[in-house]
Amino acid sequence: MSYSAAVSGASGYAGGEVLRLLANHPEVHIRTVTAHSNAGQRLGELQPHLHTLADQVLVETTPENLAGHDVVFLALPHGASAEIAAQLGEDTVVIDAAADHRLENPADWEKFYGSAHQGTWPYGLPELPGQRAKLAGARRIAVPGCYPTTVLLGLAPAFASGQVLPDDVVIVAATGTSGAGKSLKPHLLGSEVMGGMSPYGVGGGHRHTPEIEQGLTWAAGEPVQVSFTPTLAPMSRGILATSTAKIAPGTTVDSLREAYAAHYDAEPFVHLLPEGQWPATKQVVGSNHVTIQVAVDEHAGRAVVVSASDNLTKGTAGGAVQSMNLALGLPETAGLNLLGVAP
Amino acid sequence: MSYSAAVSGASGYAGGEVLRLLANHPEVHIRTVTAHSNAGQRLGELQPHLHTLADQVLVETTPENLAGHDVVFLALPHGASAEIAAQLGEDTVVIDAAADHRLENPADWEKFYGSAHQGTWPYGLPELPGQRAKLAGARRIAVPGCYPTTVLLGLAPAFASGQVLPDDVVIVAATGTSGAGKSLKPHLLGSEVMGGMSPYGVGGGHRHTPEIEQGLTWAAGEPVQVSFTPTLAPMSRGILATSTAKIAPGTTVDSLREAYAAHYDAEPFVHLLPEGQWPATKQVVGSNHVTIQVAVDEHAGRAVVVSASDNLTKGTAGGAVQSMNLALGLPETAGLNLLGVAP
Amino acid sequence: MSYSAAVSGASGYAGGEVLRLLANHPEVHIRTVTAHSNAGQRLGELQPHLHTLADQVLVETTPENLAGHDVVFLALPHGASAEIAAQLGEDTVVIDAAADHRLENPADWEKFYGSAHQGTWPYGLPELPGQRAKLAGARRIAVPGCYPTTVLLGLAPAFASGQVLPDDVVIVAATGTSGAGKSLKPHLLGSEVMGGMSPYGVGGGHRHTPEIEQGLTWAAGEPVQVSFTPTLAPMSRGILATSTAKIAPGTTVDSLREAYAAHYDAEPFVHLLPEGQWPATKQVVGSNHVTIQVAVDEHAGRAVVVSASDNLTKGTAGGAVQSMNLALGLPETAGLNLLGVAP
Amino acid sequence: MSYSAAVSGASGYAGGEVLRLLANHPEVHIRTVTAHSNAGQRLGELQPHLHTLADQVLVETTPENLAGHDVVFLALPHGASAEIAAQLGEDTVVIDAAADHRLENPADWEKFYGSAHQGTWPYGLPELPGQRAKLAGARRIAVPGCYPTTVLLGLAPAFASGQVLPDDVVIVAATGTSGAGKSLKPHLLGSEVMGGMSPYGVGGGHRHTPEIEQGLTWAAGEPVQVSFTPTLAPMSRGILATSTAKIAPGTTVDSLREAYAAHYDAEPFVHLLPEGQWPATKQVVGSNHVTIQVAVDEHAGRAVVVSASDNLTKGTAGGAVQSMNLALGLPETAGLNLLGVAP
């Protein structure tokens, strides 16, 4: 195993998922795991599912502890990464699961995050048109958000092929609770979550909105505008995104399926399902796979695309490892040959 | 208790919920319960939660067994109600939980249900503009579908007040599995459902689409067209509907809230939540209540309305009992003073 | 409505359930609701399922605010009730959902709760032999714990009829997460709870152990000793208790069923199920009912009793209201005619 | 990849899990997948989570189709394996996930399964004392049941070290619904399962009872007798077993922990957790790991052992692959280096 890795935020859900994937990566070994309030504890206490890593001890998340690795994963709250990256040396591959360097437009960043923009890093979604080349050999990578990953993979071929219109995209998505992390908030208690659904960030306020628009704008080659409503579903993992856009004249389900097939046929992790089959999040839980199906509602004049992912895997840690593979020149699928755990 | 009731389909989820509500209704007593393949069994075997009705024995669903009651609830597959109703006498209040007599337009019926249209009955959603008067004293009532109930209550005030546009409504809703009934289908197994979400009827094919459009058209006074996507969520009960429509010039969140407040302030079961609070299905599970909140996404030019209901209560059996109360001239809330069972 | 009630701890799950039941109680009106950190808020913000009580404002939990009511419900952490009760006047019915006055043996209290014993109040489980008479007209009532309620109702007839032996009782029970309240602990997060089961308090450490032994000792007329293991299940509500004891010579499933039938046939809330039917927590969720079934494993020489309850209803708030009814001389079932919400 | 495999019952949950594990096995390739009513379909339709195997087509489960492979997995209802095995040649490794050849005692088989006993094969639980040697090079292997796997791993060291008594073992276990397979039964519907718990096979009737007693008897060296009660929990995967036995004089939690540590320290998949940590099924979901913790309840005179597994992985398919590795002389952990998917 040629490459050494440090994983910060190793006591959280995103950090834990990075560790789960790296534990079986053929070319990377986990040398350092860091945390903040949990420093000093064994991983076995905090991530008891990572049996083979149980005895690794968390150290404080400091630039000193993160320095000297080939790869550093940042699974920290946004705001921390630019400063840490500056102290890690330009040869280190820094992969940031937070939002800091995803947005190109400083105004978007400031509006949605309320702080100064710290620059833009290559966007770790290789299946978007043109992105894979930017990730090869990169030394700084911004991992996309879990909703943007799922929505962009779902809509990009439709926009890239000019078959849908950019001015009135409507997206409603459901996420599992792990997307909210381990923070102790009343509405995330099991008693509140189980057996019910609720929305949040309604009306355009969710921070993933500008990120979705940015990615769709890249794909469309013109500005795309979306209405995005996230909802919280009673499950630990998974995102199901229902994305609709008005169809351009001449668009049919066949023409859309053709575009998707062409776009994804060579992709190892993104799958247009056969006609008649629809994505379900359980098909992809624990895996780096994304499934997609498209329909055309001629009555409403809209294409409807449903895409499913595991928010922690392809939506965060899997996307991070996939990008790392590209950055290091490894096979893109290394360490990611996991299948969904169903049922 | 002045009125006698018969409940057909009493071994299913909808029939069971009707029984749960009638069991404590102050003016109605359950005289007859009927079923098909389960005839001859005790209710205690099939609906073990209905402790006080455990010893009532199911008889065959025939016009003879249903005749002679003041009220007959039909919780049967669509197709059966017209024929049965014809044999029940015009004085009997027949309340049909199936779809047969919901749609006014025969073409819609034939397109979505594939059989001959059997006529239209008063539509059991008293909170829709103009509907309550039609239900008072009615002897035939079509109970709305669970999705239409939830969506129509969510969008009606926006359309009735002319604040949203009719030509591009997008609705994505999540339902609990009880909406699919007790039918033994592989995708409804607990192992398949728990921990995941999936869509169905994508692209305009769901039978509730024309019913939603009909109700919105009534509210708007002009034809409304919707894109409707239902999804299956890992919960037994509950519908969360996210409905969006383009706003008319001048519409603000305040002007919308004002219209909703005016529309629902006197309603016992439909609640515009205070600003900042959003509907969650757990708030209404087991109750006849519906909660609503609205937002305006100015960036996208859309109003976003979220509404939550219990698909079996307000969405089926509660709406049925509420309509029965109107038909019989009883207080509209009789037997329906249940609060949500949370958490 | 002749009686005024105050409910303390009204922002928690137990307090919320008391309110849900009292909201429809024919003889009691809720005059005061109190809380600690949430004082000043509307109930609608904290218990959004209690639609009809939404505008009631929480006041601080003080003896002054609780004084002057006919009934006071204490849904507070243990330790607070004796002091408050002393300031409420001897005519006030004080119903304590905490553990303070459940145990007769001061040594048990001190061992399991680590503080000084504050005396014993009548034990609010009227279905236990001899208890109902003690509750009639009582002015201080200790509501049983949710596990003891479920286990004692399950085992009492077997012990009272001398058909099982007292020296080696083994109980394993599963509870929904609401039993742990709204406290913000990592292991109670939805992400941790959903899709998994785990034990806690293993090895005799759970505080309900001495309470279970006390109740069984009452029923048996000789000291009973139990091994009790609670587990946390992925559901909001419900307790399923599997209780086994060695059978006395001559005990058969028929002799046991006879004893249970005799014991419970006149009880409105406790039901021995017909042969072949087994309790399921969903049958009783939201209701004050408890279901029971018994088996004899001749091979192992043990009776196995399974009982199911809703931990918040019969296990807490329903038991509290039932006891209040007895204390006030009302019909025991007043306000409790709710059926389980299934599915 | 040197070995060819056929998997029968490939459309079910057990067969699907075997495929999930073999898909990444370094030394085995899946040549044939068989089914009965689903023959002719693509795996992608029936097991959509197995993305990399989606295009493999199911053929009929016949001896002809299964012949000619190095390994054959039988994931069929019991009753079929002896006949098929007889037609497969003695060199083929036949691994049977059904119960047919697990029990040594024909009387037990006949009592619990009601048919003629077909002989006993080596029992695929290498962590039981003495079992590993019997599996090395074996050509016929009976995969243990999921409950026996979890219970036996939990109790074997206590019995092997003589620290618990054999005459009064009590076991209560909770399983996820996948243990019941894909059969379409009403009580397995999501609506029935979600949010509730229920028991089944109470009173000694579950077929895993004699298998548990057999394994414990092997470990103890004297007859062991158990009371076993299984329950159904609202989760797809996982077993949590709470097993208690009376302690022999001198047994302490330390002496037990010592025995477990000695027994399992070299095992790759079975883990005695550090003091204070308790098993949770989510720690092991999707993995071949089992976690264990022990307590001594001195008051009750019982040891309490809790063990957690994934019923489909270590409890079925993982145990099968682990046994196959031993049979073929491969590293025991080959293809099984998966970690639990949490949260």
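A, B, C and D are the chain letters, set down in written order, and residue numbers restart from 1 in every chain.
By our rule, a contact is a pair of C-beta atoms (placed from the backbone, for glycine too) under 8 Å apart; a residue touches a chain by one contact, two chains touch by 3 or more.
Chain by chain, the UniProt names read as follows: A, B, C, D = N-acetyl-gamma-glutamyl-phosphate reductase.
The model shown is predicted, which means the values in this text are computed figures rather than measured ones.
Between the chain pairs B-C and B-D, more C-beta pairs are in contact across B-C.
Put simply, the chain farthest from chain C by mean CA position is A. Residue numbering shows that chain C and chain D use the same positions for more than half of their mutual interface. Chain B and chain C have centres, each the mean of its CA atoms, that are 35 Å apart.
A straight line joining the Cα centres of chain B and chain D is 45 Å long. Residue positions 13, 178, 189, 191-192, 194-195, 234-237, 280, 282-283, 285, 343 of chain B each touch two or more of the other chains. Chain contact topology: the protein chains form a complete graph, every chain touching every other one. Considering their complex, residues 13, 176-178, 180, 182, 184-186, 188-195, 234-236 of chain D touch chain B.
Within the complex, the chain C residues that touch chain D are 168, 170, 172, 174, 189, 191-192, 194-200, 202-204, 209, 225-227, 229, 231, 233-238, 240, 242, 244, 246, 253, 278-283, 285, 293, 295-302, 304, 306, 308, 343. For chain C in complex with chain B, the residues that touch the partner chain are 13, 16, 20, 23-24, 44-45, 47-52, 54, 178, 194-195, 236-237, 271, 273-274, 277, 280, 282-287, 289, 291, 337-343.
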